[in-house]
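There are two complexes below, and they share subunit A, which is joined by subunit B in the first and by subunit C in the second.
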Partner chain A sequence: MKTGTPSPGLGPVSDAEADRPNPGDRVILGSSPRIEAVLGLAEELRWRVPPEFHDRCVEEIYGESARIAARNVVRSGVSSRQTWQRRMDAFLTGRWTGFPAMIAVLAVALWITIVGANVPSAAMAGVLVDTLHPALKSGLGQLGMPWWLNGLLVDGLYLTTAWVVSVMLPPMLIFFPMFTLLEDFGYLPRVAFNLDRLFQRAGAHGKQALTMSMGWGCNAAGVTACRIIDSPRERLIAILTNNFALCNGRWPTQILIATVFVGSLVAPALAGVAAAVAVLGVALLGVVLSLGVSWALSRTLLRGEASAFSLELPPYRPPRFWRTLYTSLIDRTLFVLWRAVLFAAPAGVAIWCVANITVTGRPLAFWAIAGLEPLGWVMGLSGVILLAYVIAIPANEIVVPSILMLTVLVTGMTELGQGAGVMFEAGDNVLKKLLVAGGWTPMTAVCLMLFSLCHNPCSTTLYTIYKETGSWRWTVWSALIPMAIGFVLCAGTAAVWRWIAG
Partner chain B sequence: MSSGCPPSACSGCAVPGRSPASLQRLGLGLENWDHVVALAGNPNTGKSTVFNNLTGLRQHTGNWPGKTIARAEGGFSYRDRRYKLVDLPGTYSLLSSSLDEEVARDFILFGKPDVTVVVVDATALERNLNLALQVLQITDRTIVCLNLMDEARAHGLRIDTRGLARDLGVPVIPTAARQREGMEELLGEIERVATGQLAARPRRLTYDVPGLRDAIRRLAAEVEAAVPGVANAPWIALRLLHGDESVRRALARGELGLVSEDAAVGGVGAAA
Partner chain C sequence: MTSSRHERVLAEDALKHVFQCEYDRLTASADSVAGALRLSRDAARLLVDRLVTGGWLAWGGGALYLTVLGREHAVQVLRAHRVVETYLALETGLGSSEWHQRAEVDEHNLTPARVDALAQRLGDPRYDPHGDPIPTASGELPPAQGSVLLDWPEGVEARIVHVEDEPALVYAAIAQAGLVPGMRLVVDGTVVEGLKVRCEGRAFVLPRTLAGNVSVARLEQAPMAEAPTRRLADLKPGEVAEVRGLSPAIRGRERNRLLDLGFVPGSPVELGFTSPLASPSAYRVRGSLIALRTEQAEQVFIGQRVEGVDLKEGT
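For the complex of A and B:
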């Protein structure tokens, strides 16, 4: 470390956290005879002190703490706050009330997000996609920019980025602060407390509930958070299963697909509720899979018993609303959005290229889609979706924009680029029309939601997993496990769906 | 702030709330610090809140134990001295070997902070003093920041701060970091300890185990001879007797004797 190097201490996955070298890779240097003498004496003296001296030292520390505290603290009467906190805990961690309360909290948070994000999402798309995009395109065209550069920058780079911003920002602006408020309030440790028994039965560490909750924000952050788990075996299980926590890159995908397809199956008044229930179902399936895979791992590759630990239930604290809102905006929303934009821009260029570079008379994308189509069909998806997932390996956030741009290309519904902007004019209905034209059915939507839950982690998460485990083998496992489960889930769902539908 | 305040003193006023007048938050601007200050404490006692108050950074705080996993660093300047503040992961003790405890322990031991501020939860003093006492065995230059005083009051607890300071042998500053209470006093105390104006005599444990005191005395003398100027020879002796691998390694590599914070921090290897 150089003097004066500022270290980034901000953001959920700052380098300060990710760049920690693995312990044990230090070189032991030869030491001086004096030091050797000290170490030799230490070895010799170790035989002369009682073997349990360490425990007795610890006892001495505890005893001293108790004495000092007793001397200097006076408790006066019963505080109403303590009574209130105890009642709160009895409800939120109660045997019969704990789980329903947890699910209700998540459901309400999702519902508020879905209902609340619709309007600003459409408004932003109206400005960024419907108005600015054609203006930029024609403006740059008039300035004499060659068509290919114009297409690359405006249709590829700009449009994808605009899409990501308008699709992701509104739900994030609502969901993240709610999550942070719950965290500030002190709810997360109660969730861990409730889930502890389940995780223990799965042979995993109870704190995995905390790392899973972090994963709901960002899997890379969740994987880093696994450091709070002491046992290496349980830590690995937590790292390998963190991907089953829907991350912020996937919440918008889930919410969008659920709104467009599931929401439209019921009466308009109930659309928001139906969509929220569908997303909730996928999120809970993620929890179940996380438990199931932990269970399987602790009986095969990572055999062992769950270790005991103590978890402090902190006092409930009234969250400071505005401050939390502000911190959540700066630390999470903008950080995550910036990352999405960072990945979306080059992906937009990539999409434009595969759509416009032709091989033997057809665009590159055509060949790739045709090649992936059989596999896509088996999984209830399509070649377009699979290709989108390949393009979106750097970041989950850009899956939906990739799918849409590729669908526009394949269906030929409109001229590429010019037409892409039309998607938003009538909101979700046109979106649905476009996807239906691309061969989508409700089955495709359900399979996509499942696949979005179960596929390889994004490249940032994979890199973090490699950093944290220091092993290629585990990094590969962490990608293969969800992919295999995703394939089975999707193919199974598609087969059953087709069989029932005849 | 009154209107008679000179412009130079107002740089700290940018953030709303009661800000100590001579505090200048430097955020990530950490060049050429004069002193290194470490923030230690049990999980969920408000270390990150104290950190944010002093540096002006917005390290995310959360109401759950284990929020800060790695070290976070920031800077502030107080009365013309520049400080580097290091927020350590919250730990219940420094004696076990989990990753977060090692990060905290290694920094206090090898990072040689000029001041170690132990943030303790005033509502759970007994449990929190365990860590404070352990830190006191390692370093003299400790301040106890008695945080969450607002909650202690709400719980009907009265704490004898002066008695506590007498028992621990180090300064005790009552604070309510969320309300920015007590920050000025904390800064003043950090300055006094960092500049050596205040030499504390922290409570040292006696280790009342047969044969142990003698073993510690012999080994500590040898450690002092091998590493001249080492600050906490008895504690190192105790760890060697317990077979602490990282202390052994540090000793073998000569990291314990180094005064330069540069080389010492290299042994921790977290934020770089």
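For the complex of A and C:
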């Protein structure tokens, strides 16, 4: 500060002062008349210096450092690369090409996942379920393990876990690295760039596009990623709506149901495409819901305007393929898989129990299904599906196996399954036959796909939401909002469907 | 002070009102209290009587005055209000229309110690986002400054020092017009609709009702940066211009972030391309590509077109 005033307080502090224990600067400073003078001057200048002084000072420091850098840093650009970069941007963020390109990329990623995951998934199920399971069961039986313990451990715990691993691992091994490759390439920030206006209109933060796409991998990870949003209001909106991003535990359900029911409506050659389009439709509906709920929240519970946001668009880089593959395997795939296994194992025990513990001569599951049936009917679903969702609260991945197991129990088609409370892998035809016997129609399939998008988050995500928000109230909201929307969507679809079908 | 919370809030609001009257050299009365607090005349009189009996207010020459005790308390409440507003503006990302209302609630809940802690965390700010000085912890406040924009002479450059935050509708309209304390402006003349104003690269007509709620003062010193002529949002694709500065409307973290990204005085900046939905736009600045929403680009001041500069992106 060029005031011309000598700086009286800046001389050496006397030894006596320095030796004194430090009970707070103000006390020490207050003891010296010179320092008193400085404080007085500061107090006076406090109001004399113009209000924008601080901002201007900071701006000048930045400006000066930028000038120094400009003088001393030599930049060498490769012009052909620049042209290439600009062409990519013109296409991927173009007025007419930006959105079609985005949807096409997502559709192709889904299609590759659906088609590519079939083979390894079947192979893994062949080993883990068809070979190892009977071997384990008979092996332990011969060792003299009581039937109930054998059932609980092998049919419940082991088989559920095996199912989750063989159904989840292959799609994750394909979907996550593709996602990471796109991120590495520099495409994800462009997606946020294209979508930003929509999020702004919805009163949400621009970075919500990024947390949402994280949610496509795993909602718990997506909720944690919401930390990148500074404004508490917008962070809460992003957390509460993350569940509308179809997570990894639900992709397999969507893919399976779409393949079995939607894929079979068209020629076999087109089945993969039709299934991918159906799943894409559900995923896009999720984006629309996420925006709609954000909009509603920012006008009701979390009123406010969208705050400012700036986004760096990194240059496109050729992705480092192997490295990406490795990190996405370690950071995402194994993490999510481990979590799924952790939750699937106890759920497997629960499934076996509801199927095998009997109350007044009927399994527990029977009573629960009967109780949930009316609600299920209204939603175009069934008591079996709703019970499966209750059992699958720990992990969405086990919804389909739970449905299958419970259907076998109810229809008594044990020749297709492997006994009460036993999860199994079924081929597409067997699966369809079984589900149709369980009362399924294409309407059930569509309603299930909708319900799979809109229901409460899994328990890990709920716990993460609680940890991130520190509030039970918001945690409860995060479960109630999608459930209410799911109910309305499913009941509406079912009503219209039944009305049209007569 | 009083038993029920509601009564305490009313009493504090009354003290604040009398303080503001004294600060603006206006006369406070039971009727002005009734107007400011939206009370009936009788209720206001009762309230004032109680505060006089309690030793917070005193009558003198037909006007209400604060006692020493009353002033001390009024300043505490005012400090809490302005510190909270500053906090909301700097750290929460809440819109400007919400600061005042929230601070009106919080000012009655925060203890002086918590207000001090909050102020310290914010770096002991001197002014709130409306340009009002924040009383120091010891209660010091500079005298009122500035004159109403309506009375400002034509052609003399001025700095906005204060924007009145009540009534809320007028305040929202001023915010909409983009006027924020700290900005420089010149009045070019008057027309039927209001004042012709030039402000940081924008020329527009400011309605009289709005101009009546804006206070300006003479520039104390030569401006540190050259006057801007346009805003970043005016840039055309491929055009390069020099950044002149950031609007005072950009505060806190957002301001630091933009500075970090290279929007500093003297940086050449170029419009790269625009999102399919027309906002945000991507700008090339200091070797990187930065996307800003139109509202933000509106807050970056730039100069005239610069020729012959090629902005390379980093590799």
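Criterion: the second predicted complex is superposed on the first by the 436 of 502 C-alpha atoms of A that agree within 3 Å, B and C clash if a C-alpha of one lies under 4 Å from a C-alpha of the other, contacts with A are read in each partner's own complex, and residues count from 1 in each chain.
One rule holds in what follows: contacts are C-beta pairs under 8 Å (C-beta built on N, C-alpha and C of every residue); 3 or more make two chains touch, one makes a residue touch a chain.
Just so it is clear, the structure is predicted and the values come from calculations on it, not from any experiment.
K.L.:
Pick one for A:210: touches subunit B only (first), subunit C only (second), both, or neither.
P.N.:
A:210 sits against subunit B, while subunit C stays out of touch.
K.L.:
With both complexes superposed on chain A, which partner does A:265 reach: first (subunit B), second (subunit C), both or neither?
P.N.:
A:265: touches no partner chain.
K.L.:
Could you say whether A:312 touches subunit B, subunit C, both of them, or neither, answering first, second, both or neither?
P.N.:
In the superposed model, A:312 contacts both subunit B and subunit C.
K.L.:
Taking the superposition on A as described, I'd like to know which of subunit B and subunit C A:327 touches: first, second, both or neither.
P.N.:
first
K.L.:
So, does A:188 touch the first partner subunit B, the second partner subunit C, both, or neither?
P.N.:
The answer is first: A:188 touches subunit B but not subunit C.
K.L.:
Looking only at subunit A, is it subunit B or subunit C that touches more of its residues?
P.N.:
Result: the larger residue contact count on subunit A belongs to B.
K.L.:
Considering only the touch criterion stated at the top, classify A:71 as touching first (subunit B), second (subunit C), both, or neither.
P.N.:
It touches subunit B, and subunit C stays clear.
K.L.:
With the two structures laid over each other on chain A, which partner does A:378 touch: subunit B (first), subunit C (second), both, or neither?
P.N.:
Neither partner.
K.L.:
Would you sort A:42 into first (subunit B), second (subunit C), both or neither based on which partner it touches?
P.N.:
The answer is first: A:42 touches subunit B but not subunit C.
K.L.:
Using the superposition on chain A described above, determine whether A:224 touches subunit B (first), subunit C (second), both, or neither.
P.N.:
The answer is first: A:224 touches subunit B but not subunit C.
K.L.:
Please write out, lowest number first, the residues of subunit A touched by both subunit B and subunit C across the two complexes.
P.N.:
Common to the two interfaces on subunit A: residues 46, 50, 56, 58, 60, 62, 66, 75, 77-78, 81-82, 189, 230, 311-312, 314-315.
K.L.:
Given the complex with subunit A, which residues does subunit C contribute to the contact?
P.N.:
Subunit C residues touching subunit A: 91-95, 97-98, 126-127, 131, 133, 136, 140, 142, 159, 161, 181-182, 220-221, 224-225, 245-246, 248, 250, 253-259, 261-262, 264-267, 272-273, 275-280, 282, 286-293, 295-296, 312-315.
K.L.:
Provide the residue numbers of subunit A that touch subunit C in the complex, in ascending order.
P.N.:
Contacts found on subunit A: 43, 46-47, 50-52, 55-56, 58-60, 62-63, 66-67, 75, 77-78, 81-82, 85-86, 89-90, 93-96, 98-99, 189, 193-198, 200, 206, 230-234, 303-305, 307-315.
K.L.:
Going by the contact rule set out above, which residues of subunit B touch subunit A in the complex?
P.N.:
28-33, 43-44, 57-66, 69-74, 87, 93, 95-100, 102, 123, 125-127, 129-130, 132-134, 151, 154-161, 163-164, 167-168, 178, 203, 205-212, 215, 218-219, 222-223, 225-227, 237-238, 240-243, 248-249, 251-254, 261-262, 265-266, 269-272
K.L.:
What part of subunit A is in contact with subunit B in the complex they form?
P.N.:
1-10, 12, 15-17, 19-21, 23, 26, 28-29, 31-32, 34-35, 37-39, 41-42, 45-46, 48-50, 53-54, 56-58, 60-62, 64-66, 68-79, 81-82, 180, 183-186, 188-189, 192, 207, 210, 224-225, 227-228, 230, 311-312, 314-317, 320, 327, 330-332
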